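Notes follow the structure.
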Amino acid sequence: RGSSGHVNILYWQAPSILNPYLSGGTKEVEAASLIIEPLARYDDSGNMVPWLAESIPTTENGGVSDDLKTITWKIKEGLVWSDGSAFTSEDVVFTYEYCTHPEGGCAQGQKFEDVVSVEAIDDLTIKVTFGVAKPFPYGPFVGFQSPIIQKVQFENCLGTAAPGCTDQNFMPIGTGPFVVTEFRPNDVISFEANANYRDPDKPAFATVTFKGGGDASAAGRAVLETGEFDYAWNLQLAPQVLQQMSEAGKGQVVSAFGPSVERIMVNMTDPSPDLGEERSTRAHPHPFLSDINVRKALSLAIDRNILNEIGYGLTGKPTCNIVPAPAIYASTANDGCLVQDIDMANQILDEAGWVRGSDGVREKDGMRLSLLYQTSTNAVRQDFQALIKQWWSQIGVETELRNLDASVFFGGDPGSPDTFQKFFADVEMYTNRFDGTDPESYFNSWKCGREPSPENGWLGVNITRYCDDTYDAKLAELAKTGDLSRRIELSKALNDQQIQEYIMIPLIHRGSVSAHSNSLGGVVLNAWDSELWNIADWYRK
Amino acid sequence: MFNYTIRRTLLAIPTLFFISLALFLLLDLAPGDPTAQLPLTIPPEVREKIRLALGLGEPFHIRFLLWLEQFFINEPLHLLTELTGVDFSGDRQRVISWQSRSPVMDIVVQRLPQTLWVVGMSYVMGTIIALPIGIISAYRQYSWFDQIGTFVSMVGFSIPTFFTGVLLIVIFSVHLGWFPSIYDTTHVVTDWGSLIVQIKQMIMPTMVLALYNAAQISRFMRASMLDNLNQDYVRTARAKGLRENVVLLVHVLRNSMIPVVTVIAIGVPTVFGGAIITEQVFKVNGLGQLLITAIQANDIPMVQTLTFIFAVLIVLFNLLADILYGILDPRIRYE
Amino acid sequence: MSEDISPVLSVKDLKVVFSTRKGEVHAVNTINFDLNSGELLGVVGESGSGKSVTMMSLLSLLPSPPAKINGGTVSFEGKDLLKMNQKEIRKIRGGKIGFIFQDPMTSLNPVFSVGFQIMEPLKKHMGLTGRKAQDRALELLELVGIPDPKKRFKDYPHQFSGGMRQRVMIAIALTCNPKLLIADEPTTALDVTIQAQILELVRDLRKKLGMAIIWITHDLGVIAGIATRVIVMYAGQIVEQANVDELFANPQHPYTQALIETIPAVRGERTKRLNSIRGQAPTTLIEPHFCSFHPRCDFAFNKCTSINPQLIEQRKNHLVACHLFEDKEVAVG
Amino acid sequence: MADPRQEIEPLVEVRDLKVYFPIQAGVLRRKVGEVKAVDKVSLDIMKGETLGLVGESGCGKTTAGRAILRLNDITDGTVRIKGKYIHESSHKELRKIRPTMQMIFQDPQESLNPRMTVSAIISEPLTEHQSMSKKEREERVFDLMDSVGLNRDFASRYPHEFSGGQRQRIGIARALALNPELIVCDEPIAALDVSIQAQVVNLLEDLQEERNLTYLFISHDLGMVRHIATRVAVMYLGQIVEIGKSDSLYSSPLHPYTEALLSAVPEANPEIERTRKAIVLSGDVPSPANPPEGCNFCNRCPKAFAICLEVEPTLTEIEPGRFVSCHLYNG
Amino acid sequence: MSDVTITLQSAPTSQWRDIWDQFKTHRGALFGAIFFLFIMGAVFLGPFVWTLDPQYIDILSRDQGMSLAHPMGTDQLGRDTLARILVGGQTTVAVGITAMLLSLVLGTLVGVLAGFVKWLDGPLMRLTDLFLALPILPLLLVIILLFRDRLRVVFGPETGIFILIVFVIGITSWMQAARIVRGDVLTIKEREFVLAAKSIGTPSSRIILRHILPNVLSPIMVSATIGIANAIITESALSFLGLGFPSDFPTWGRLLFDATDYLQSFPERVLWPGVAISFTVLSVNYLGDGLRDALDPRIRGR
């Protein structure tokens, strides 16, 4: 333990807090994963592995009840917190209470959706009971967003008291390989090895500096070119920039694929400002995007290979699926879209009666194919926008580009017109993914009735406002199905329906990209969990 | 002079009140949401709950009054508590950052050292460089020194720091490896060696900013010197047989410094907030970076506090500039 | 005045030009004069005639560029001031030669106390420091008639009235017991009653200290009351030079004559209509090869437009530069 | 000559004119005192005459002149011009009266807008008050330039391209543009060279004759005032201390201040100068913010006696047309 | 005739000629003017000569160095850099000039009113203090939010955001000008020629227009040149912060910002916009120096 000395980690977005229940941001959750741990997590290939638990409970081993309503976890024996006290099931129960406190505003609340109770059967056994049948009961306490916090430490921080517990939020006591020695919000965290860590030989590093700030290219430069840092996270950079940086020979770029997909969402409702309150609501279908031919043409005109080459290179793959991973769920039915076919697109539009006007923009019944295309501010996305705009112009579609600050676009502020939920545009582009390895809730979000609207304060999740009975029927079936192969089948069908109706136009299956110095060993990039999930195994070569 | 000072100070109070009201209103109208940083997988209902937990639901005037109380009464009391160890503050509610759920002022205090070290130093450096340049350019007006000085200051003024910064990093960190490209805020100076490290990591950000500051200050200095060089009293001083550098550095400089000192004083607040881009480029996580991350994360209490602190500093240094003016210029002092 | 007394100051063929965008301004053009010890030389002439430039060039006080001394010698105590290096000339300035400027409002540095400004040359030239310098400065303030000098010592110039400031300027000029005092229009900015005070003071000081004085003014009345000898300048040249009584009694140059006649008197007969000199002062952009006054002169003839008259002794100790008298000069010479 | 007032009615009547400037100080900028720039000044100016106004710097000459034209706000007192009380006129009414009264300023450089051409400067009053075609206006400007002796070719030049005397002519032309009856000349020659002063004064005299102008001639050049003025008023510290016919005032000044003032003027004549004994007044003029108790002049007056320190003298007529404000004569 | 009065008797020259004559003598200004004209010509006429579409993506020819087909090379999407510099310059120069004009108009208005109208002085100067203390970034966010859509509807996306940016830069940078102008107005107001105008009966509005404004021209000129420079820099900083124009709409600031990522592989890519910005700012500055002198008849006379 501690033989490898010091390691420098650079997150260009700096963590502001180390309590993942108060801030669900990736940077916070990942930083916290050095300290606090869940009962089970996903490994680099997306398999669930027991972590603080003895094993993964299943229906087979009796951990999950047959009615799919309870799951019982067994904790490893002899676990201690970094302060030396014993880790018990009380802590797990407390974690549940902490996050579900009605006044708490817990960022990971959805992990505990449908949970009715969490009980400590004995010191090492916890039973979680759901209100409905849960074919996939691995929400609570699984994955890096749902780690266990110490009851003793957080006892007085429930509900409205939570924000006041600065010490606790900045220096949580955990079971992980490291403990915080100093925390400076949005700047830097210093860690040292946890003396009470369960594996006496780990971690290899005695101390960690976790620095934040700057931007991706500076982070890449610090690891790949100057060698000042050992590990840099989330290098969303153009492939050639990464390529040029790694030529310096100080480090290497690593990537791993999870379920993230960069896609274009098509607005099925009319975003015209003239509609006032009813703008982008299901009251008015979109004047021309309701025509599947138009949507299809838009998708056909895109060359996903070039997009990938420009924006992602080895860290992305062109895709035609909205659920490209885990591999078992990935459909192959739509792969035709990988080939750009402008002629075909033109032909489809011609046949559908969209004729080119004098300025080259197609029209029908006085309606011009003129789109507003919005996304968040990000160099790669803007390159994509420019390219796609040009391709669409080749099929007679006029495009206006707009990019919005990410904090506004993804902010969900009901007062702002620029959120992706309000979707006051014709198409928008962003990346989304689902949590863990089961896509059910993901599909569920595109259910009819879940679209954002003024009635629900624009809080819906069915962003495209697509509404279809057959889709909803398949979804209902999925919710009741426990059998994996049937689940896969249904999932693929749901995926294919979205794609073949051209409601969502997937572009790139994105991997997470990071870089580490050549002297850092043991890095196994994980797209399903925290990137730092195995930091206990890292060592200096 | 005393009256004048008091009068200016009293005037500052309503100004500050209106500034805080304006800032509050502005930020209230601004889009963005503290839940923006949450991943998309977090459902909107949860976001809404978090938002309510942050106290976003209250009406405007209540939040404003609450904030005024927190900022003007509770925070000073807490400060007092910390300084004296006697508990003045009780459990008064402090201004809490939405991002880190910790008192905003604590973080601000934490950021002060690097802000002062780097940005403050750059201002000092800029001034130190600028003054002699301004003096010489004025004394030798239209000489090659003056021409080059003008050219360099214009270039220094016109190139964005996000570009100069990256350029310096590429040259000095990547290719030459002389200086680190990332500022270590945890570094403590304890001995000679660590001082060298500190200086090394300060050089590049300091220089980038110093160039920018020096460009402006030297222009002012030059103009002011030129104004004074033509005054009658300069001729008197020469007629007394004083040496040229005495004439220049005692008689002319003192007079020329009067407007320049106020310009410098008024520029000080930018030290605290104006270096956003440079701080970003060199990862000097100072107050500027704090503001920008707070804006990006829509951490409204933090943004409010920081912008208001900057506003207070601006008003304060304007006041200070007025007072300095009086101290330097006897004509005002004896008003 | 006997001629064998060697003069304190002797200016020979002094020429000063300024280079400007429009060309070279010949501000001072071949000026010759001597100043004997104890004498008070009055210099009159209208604005721009080169009075100040002449005096400032003596001590190299002109900014150069644009000014350039285009030849000539200025011998002071046997040395040529124009050939001295910076260090030597600085010893003279404020030490051997004191200077008083026209505008007392701007000639003092506003940010230093009056005491400081008086002590500066004391420290520089007499090596006095601390108490001694202060005592001497107080003495000087007393001398120039500032009431309660101890109290006023630490005051700043803006706390003094115009007349008082001019007194302070005089005190500064007198700090090192100069041999020569050059006063450039010291009373022009002041009221008549204050001017009377200052003139009184200077007469007193001259009696007490006995230095030579050059007094520039364009008020002929002041000249009449204070000067022993007078120089009349026009367009950078001396057009007439004589003892004061002689000059007022027998002005020779048409310019001098006209000048004296244009002044309405306060006493005696009231003038019905003023005599005026037509036209206005010339520019000095070209080195004159003609009489500069000819466009305004009632007596001008051909020669005046083509030849620049020389300053010649027309009567004893009375020099005039005018073609009207050249025949006489030939006769005398 | 008989008293002119019996024949001609005064063009300007000023009674108890006061112009005070507030002094503000303290934290709240409250008024803590007043500069009594003009304090109870009464005078008449007859049609066609020149009234000289003399006095030391800061005694309130300019302020009085401006107040008469209502260019300053008047604190108290009345001003009547051509029988019309203008001290209470509104801006609109004033604008109508403006053409009858004009001003010529001390500094010809300062009083001309450096960014306007001569013709623009001279035609400004015309554009303000008369509707003329461009051609007519141009013609009028040329006429005016002729009458003040400026070459017509200079119309499109800027003030800085002229000598002081010429500039003053521009100022005079501007003042004449509207055919005024009263012109207040505020030290019109002070900034000029001796050789030029006479030109300007002669011009003023010629114009007066030609156009039957009335002048209030402010100056501290006592010689020039004597030359040009019919009557002279002497001011000290905001008050008129003596007023009378020019000749008699100069030959036998009554007020000690007038006496001292006149004696201080040097004469361009060495013989006179050698014998002349100036009355050198001690000290400076007191600040008009706190004038001395009693007679304003008492602290510098060589002839002051007890009562001067206590009682303020009033301006009384000693001889016909001769007023003095001094206890020596009030007794 | 003799030479003595030569200056006064030469034929009257036209005012513009005088200005030009004076301007010519200032070498820096002449250089600045020529260079600025060159830039204006290049960015506004250049696109007619160099007709490549700055938006056209030619993915095959991306990341090219300098060549005949692309004299300044191409960017990561194969867009022609020269065409983008030219078109980007239009926006940048237009933003610089209009924002400067706006801030000048505002600054002059406030300055003149504060200096001339006594009772407005206090309130307006407090307002100036207030604006000095306002943070530009949040302000920008708010303004963009509140007005973008309305302006987009009326003016279209690019003009709309142009107006916004100009507006934001304008209203956050007028304070210096206002202060300087106020100070100058306060002194000019006391000058005798203003009193002369009053004695003629010129109403205040015309006194301001005819006498005060022309005489505060030189501080305004100085503010103007600094203003252009400032606006150009601010616009580029906005690009850095991801605000500002649509991404496919080139400006020099954005080109420079986008290129910094490629600083090492393609250094020329930062060079072009960098040089363009600095030299424009520089030339404007020298130009301003010369203009200030040339517009002042007093200096011109010397």
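When the chains are written out, they are named A, B, C, D and E in that same order, and each has its own residue count from 1.
Throughout what follows, a residue touches a chain if its C-beta (ideal position, glycine included) is under 8 Å from a C-beta of that chain, and two chains touch if they have at least 3 such contacts.
Since the structure is predicted, the reported quantities are computational estimates derived from the model, not experimental observations.
Common neighbours of chain A and chain E under the contact definition above: B. The minimum number of touch steps separating chain A from chain C is 2. Between B-E and B-C, more C-beta contact pairs are found at B-E. Centre-to-centre spacing of chain D and chain E amounts to 48 Å, using the average Cα coordinate of each chain. Note: centroid distance chain C to chain D, computed from Cα atoms, is 32 Å. Work out the mean CA point of chain C and of chain E, and you get 51 Å between them.
The geometric centre of chain A is 38 Å away from that of chain B, both derived from CA atoms. Counting only residues that touch two or more partner chains, chain C has none.
Each of the following residues of chain B touches two or more other chains: 31-32, 174, 295.
Remark: chain E residues 55-57, 59, 62-63, 76-77, 79, 141, 145, 149, 153, 157, 242-243, 246-248, 258, 260-262, 264-265 touch chain A in the complex.
Chain E meets chain B in the complex at residues 28, 126, 129-130, 132-135, 137-139, 141-142, 145-146, 229, 232-233, 236-237, 240-241, 253, 256-257, 260, 263-264, 270, 274, 277-278, 281-282, 285. Per the touch definition, chain E reaches chain D in the complex via residues 7-9, 11-12, 14-15, 191-193, 195-203, 206, 210-211, 214-215, 217, 296-298, 301. By the touch rule above, chain A contacts chain B in their complex via residues 10, 14, 16-17, 19, 22-26, 103-110, 160, 162-166, 169-170, 182, 184-188, 190, 209, 211-215, 218, 221-222, 225-226, 228-229, 248, 405-408, 410-413, 415-418, 421, 430, 432-435, 445, 452, 457-461.
Interface residues of chain B facing chain E in the complex, by the touch rule stated above, are 11, 14-15, 18-19, 22-23, 26-27, 29-32, 147, 151, 154-155, 157-160, 162-163, 166-167, 170, 174, 273, 276-277, 291-292, 295, 303, 307, 310-311, 314-315, 318.
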